[in-house]
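Before anything else, here is the set of structures, which you'll find just below.
Consider the two complexes below, in which subunit A is the common component and subunit B and subunit C are the respective partners.
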Partner chain A sequence: MRREGSPFTGVMTVAFKEAADHMTSARMHLIMLLVLLTAVGAVYAAIGEIRQTTAEDPYLFLKLFTVARAPLPSFSSFMAFLLPLLAIALGFDAVNGEFGKRTMSRILAQPIYRDAVLFGKFIGGMIVIAIALLTLWLLMIGLGILLLGLPPSGGDMARGFAYFAATLVYTGVWLALALAFSTVIRAPATSALAALSAWLIFSVFWSMITPLAAGAIAPVNPLDPMTVLGQVHVQQALARLSPVTLYGEIAQMLLDPASRSVGPVFMSQLEGALIGSPLPTLQSILIIWPQIAGLFAAMVLLFTGAYVVFQRQEIRA
Partner chain B sequence: MSTPVIEASGLTKRYGGTAAVDHIDLTVEEGEILGLLGPNGAGKTTTILMLLGLTEPTEGSVRVLGRDPLREPLAVKRHVGYLPDAVGFYDTLSGRENLRYSARLAGLDETAAQRGIATALERVGLSGVGDRRVATYSRGMRQRLGLAELLMRDVRVVILDEPTSGLDPRSTSELLSLIREFAAERMTVLLSSHLLDVVQSICSRVALFNAGRIGFLGTVDDLVREVADGAFHIDVGASGIDIGTLAPEVKGVTACADMGDGHWQITAARDVRSDLARRIVARGGALTGLDARRISLGEAYNRFFREAGHEA
Partner chain C sequence: MSNRKLFRGALSACALLACSPALAQATSDTMTTDARPHGFWITTPAPEFKAAPGKQISIPLSVINDTLSPRRASLALDGLPKGWTWTLKHGAMEVEATMVNPDATEALTLDLKAPADAKSGTYALDLKAAYDQGTTDLPLSVTLADLPAANPTLKPELPALRGGAKTDFQYKLTLENPGLEEQLFTLDAAVPAGFEVSFKKGYGSDEITGVPVKAGGTETVTLHVKPNGSVSAGDYPVKVTATAGGKTAEADLGLRITGSPELALNGPQERLSGSAVAGQETSFPFTVVNRGSAPAQAIRMDATPPHDWKVAFDPAQLPALDPGQKETVNVSVTPGAQAIAGDYMLNIRADAPGASQDAKFRVTVNTSTVWGMAGIGVIGTALLVLAMAVLRYGRR
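The block that comes next holds the complex of A and B.
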């Protein structure tokens, strides 16, 4: 059956209202404070480390994001760990919260489609995340310039920006996940717990589970060295089901111009390569394009799932 | 003269195997106040949601202002306002901000909306607290804010789901007088309730819902006439005598119920008041009250559902 009128009527109205709500909400402030403190701490520690160890590096600026000084992890691993938390905080009660406040039926009785509500909520969350990340990114660059006394090169900026964009998509995956849980599960507390469990599994336990699972699926035959490679491939394929792994690989390729591959490399493949020499930015992006596409696909898939469930949901609470 | 605002025919909604709404036919004319009456779970809210296009009917068709709410939901929803049962607003925003948000969703332009909001708040008596956060509002204020939203959007059809549930008597009567004003402005009002006096006081017609069907559709007078079968209902108050044993002796009395405290309710085929009074006095009883009365909607409602229950 054909419906009349655009499904996008009111999307931006919902999006801006959501964004405004998030901007003023206490939970957003708390998480941003946490992210900011850890980010500043990580970069500050990285700068100390860089000053001591690195004499000369063509991409010194990007080291800000990747170098770590014990006990603090690097900026990029902090981001991989904490940004999902930000996304979950924004999305876990997006849909079921409206049911709880009894505003859903009133909003849906306005002359807009249901589509607009979910789209608007997702876009609103993304607007807030984009603003937060952009601020953070500029802050890091500013801190780097200030403390290293070194302006970033064009290449640095290009890679940094690609990293920023990939981070946005990565956070979008988690926002879509939180939104999906908030649609499927009626109690906000339960959906928050479900989203947090997914976050813990993927960021902490996934790296422990995959070697075990790979060992079971593709056992190593000591007499056949190729089975070792087979197991590595299986393990990598499993690990890449987690957005955290994909994001880690993207960060590694983008922030370290010298890295050539995210998988196992044979000596024969390295013939003629200048080890340690940087790749052009576009080549690096090309290598991790599948990962970026994978993250994007995960985001779209999760959002579509939420969308389908939401469209069929009975609105009487 | 008037064109039907809402036309539903054969409207059915099944959840699983059970029918929540079962082949309902309903026509609502412009400017009337139709009360949807029935016990909880009789299918009132489901019917409303189908009229709005928020729930897809399993069978049957709906026309609201000549349009199909499933095919042209935006056009329908632009002219139909819905106030859900226990309406919710965003607690962190003020009443005025909540209305502004609805105005944007409805696509009103900013200055017109501003003016509309001010007038609407004025009319429902919330202009003084319009800038306070909704979290501080009482239930009655929230309901009135809901009405303000409908006023601001200037809709032609208003559908109210249990607008007075949980309100104190004063808020209820304020709300009802607002609703009456709506109808006076040629708005069509559909009002669902399980509170009979609410419906009786303002509705021009009532639809009695029972187990997903409309058992009766017509004016309150029609309902009373249909249910009462032309019987007389008499309240008797007397002391020093047992009317329960006396009443059956009077010709025409069909039923006599002891209401306790020296009161009886008598149903009879004719006016038996004079006969009753004579007998009570003759037996030495003291007559304290003797009233013939029409049955109220409440009784009609109870009788109706008792009969419907027997038939089922």
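The block that comes next holds the complex of A and C.
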């Protein structure tokens, strides 16, 4: 039977309601408190380090994101590690939670299609994440101006904003993953555990798994040095299956203007190159564009999977 | 009355001259063999001379006292035609009388000036010195004539010099003033446009525009010529003049510049940077300029690119480039296909026999946007999949 009208009627209503719910939930408050504390701590440590070691740098502000002082990691590594947690907290019970509370049938009793529910939940989550990240980003810049005593340059701002956008996409991947788990798995605890395992595997264990897998796929022949390169390429390709790796490469290229490549570089490619000269912002973005596109596509595809599964589910009152 | 007095003075002078041997004999026996006359005289090395009307001439005088006591003599010039002026000087002081110690000589100068309209001819003058025991005199003969004034001369020690376009040429010149008076000579030199000229006195360091030369004296002047640095090779004339009182001394000097080519390489719009895309050819118009003073022959263009890069020149060789001329060379740069983005240094060289120039050209390699389009394609595909899912499963 053919139904009339746009399938997206009411998406924004659901999205704003969802965002409002997240904003007031204790879960969100706790996780944001954690993120804020670590971020402020990392930036404060970075500023102390910059004051001690860096005399002059055309991109001093970007160093706020990358410089670390032991034992704390840098701001960008904190973000890579903790933002998936925020996304999982927002999304792990998005669909199965409604089933658990038996509210799904009530929502669908409204004059909206099922599409609007899942789209609205995803967009609502993204709104909350965007607000949180924007706050964090402005907080960083404010702290930088306050403690470093100088305004960020245009290049700093452009790169910082590109980094902010890439971070939003990266968090979106994790939100889509959590949403997919919450759709596929009926029990919220199980879906939370599944999402957390994916997070742990990609952020902690993936860097240990890839060398093993690469060694098995492309073994090194000691007599042929090119096999070493082949193994490096295989290992890099495997590592890039993880969104954490992609995000790390994006952060490196965007926040360090002097870096030119994320892959292995031959000495012959560096002949005549002026090491340390900053790259134009657009060139940096162009180099890292495949990673950004990959993250964005992964987010869309994960959501599509969740959407297809959700649309085919049977819903009873 | 005065004539009689003069006559008596002359007599007494003769008497003194006559009796002086007897006096000497009386004072010392050792001087008896000395037949030399003793007395009081005025002498001059120039008793007869020529002078030009209207110009002052100076006649040196010696007043000799060869007697036993100091003598005071009042001096007067007789026979002076009307309008003539005279003064006697002892050093810078005007005097009318002089006093000479025994066995001593005083040097005096008689400055004499005939009026400008005085007639030519010979005039007899008599300088008289009246002292307490008599008078001595010095007859002088002045012939007034329009003397042709001698021209000053300027002689270079080495009249022709050779050097590069940046050499400081130094000519030593001797300026002679044969005139009767000290003159201030104004120095000037005519040189080709753009050359710098300065005069110095002798080996001094002060730059001068004129130099005083004493009557009959010489002065050494050094002329410095600095050619315009971009002048082409060849011979250049330098004419030096020294002018004083309407008379000019000239000297013609030769200056030969041996040129050498000097190349300069300029990038597009005078910049030494440009951007290119990895694996794609980009052309930069370079300019080769000959800033030297001689033509450059067979200029070869060359570059030392990084590995895998290609650099081509159009034309690869310039047959000749005259001084001041410029020629455009298109430099086609193809960065290696594997070149990573960023700045690279490219050495571009123009080589000619005797001259070469390096230019460090900074090439910013941009990544090809092909991968950017591929990324958009990936995102587009993902969105297409989502759209198809919505079409297939939407509106439930």
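Please note the rule applied: the second predicted complex is superposed on the first by the 314 of 317 C-alpha atoms of A that agree within 3 Å, B and C clash if a C-alpha of one lies under 4 Å from a C-alpha of the other, contacts with A are read in each partner's own complex, and residues count from 1 in each chain.
Please note the rule applied: a contact is a pair of C-beta atoms (placed from the backbone, for glycine too) under 8 Å apart; a residue touches a chain by one contact, two chains touch by 3 or more.
None of the values given here were measured: they were computed from a predicted structure.
Following the overlay on subunit A, a side-by-side fit with no clash is recorded for the pair subunit B and subunit C. Number of subunit A residues touched is higher for C, counting subunit B against subunit C.
Once the two complexes are laid over each other on the shared chain, residue contacts for A:Gly149 go to neither subunit B nor subunit C. Legend: residue contacts after superposition of the two complexes on their common chain; A:Arg102 is shown touching subunit B, with no touch to subunit C.
Judged by the touch definition given at the top, the superposed model places A:Ala297 against subunit C, while subunit B stays out of reach. Look at A:Leu286: by the touch rule set out above, it reaches subunit C but stays clear of subunit B.
Look at A:Glu271: by the touch rule set out above, it reaches subunit C but stays clear of subunit B.
In the overlay built on the shared chain, the residue A:Tyr113 is in contact with subunit B and with subunit C.
Legend: residue contacts after superposition of the two complexes on their common chain; A:Arg316 is shown touching subunit B, with no touch to subunit C.
In the overlay built on the shared chain, the residue A:Ser261 is in contact with subunit C alone; subunit B does not reach it.
In the superposed model, A:Pro222 makes contact with neither subunit B nor subunit C. Fitting both structures onto chain A leaves subunit B and subunit C with a minimum C-alpha separation of 6 Å. Note: residues 3, 5, 113 of subunit A belong to the subunit B contact set and to the subunit C contact set alike, using the contact criterion stated above. Taken together, the subunit B residues at the contact with subunit A in this complex read 45-46, 49, 52, 54-55, 70-75, 77-78, 80-84, 86-92, 101-102, 104-107, 146, 149.
Considering their complex, residues 3, 5, 7, 113-115, 260-261, 265-266, 268-274, 277, 279-280, 283, 286-287, 289-290, 292-294, 296-298, 300-301, 303-304, 307-308, 311-312 of subunit A touch subunit C.
Residues of subunit A touching subunit B in their complex: 1-5, 9-10, 13-14, 17, 21, 24, 101-113, 314-316. Note for the complex: subunit C touches subunit A at residues 305-309, 336, 338-346, 362, 364, 366-367, 369, 371-372, 374-376, 378-379, 381-383, 385-386, 389-390, 393-396.
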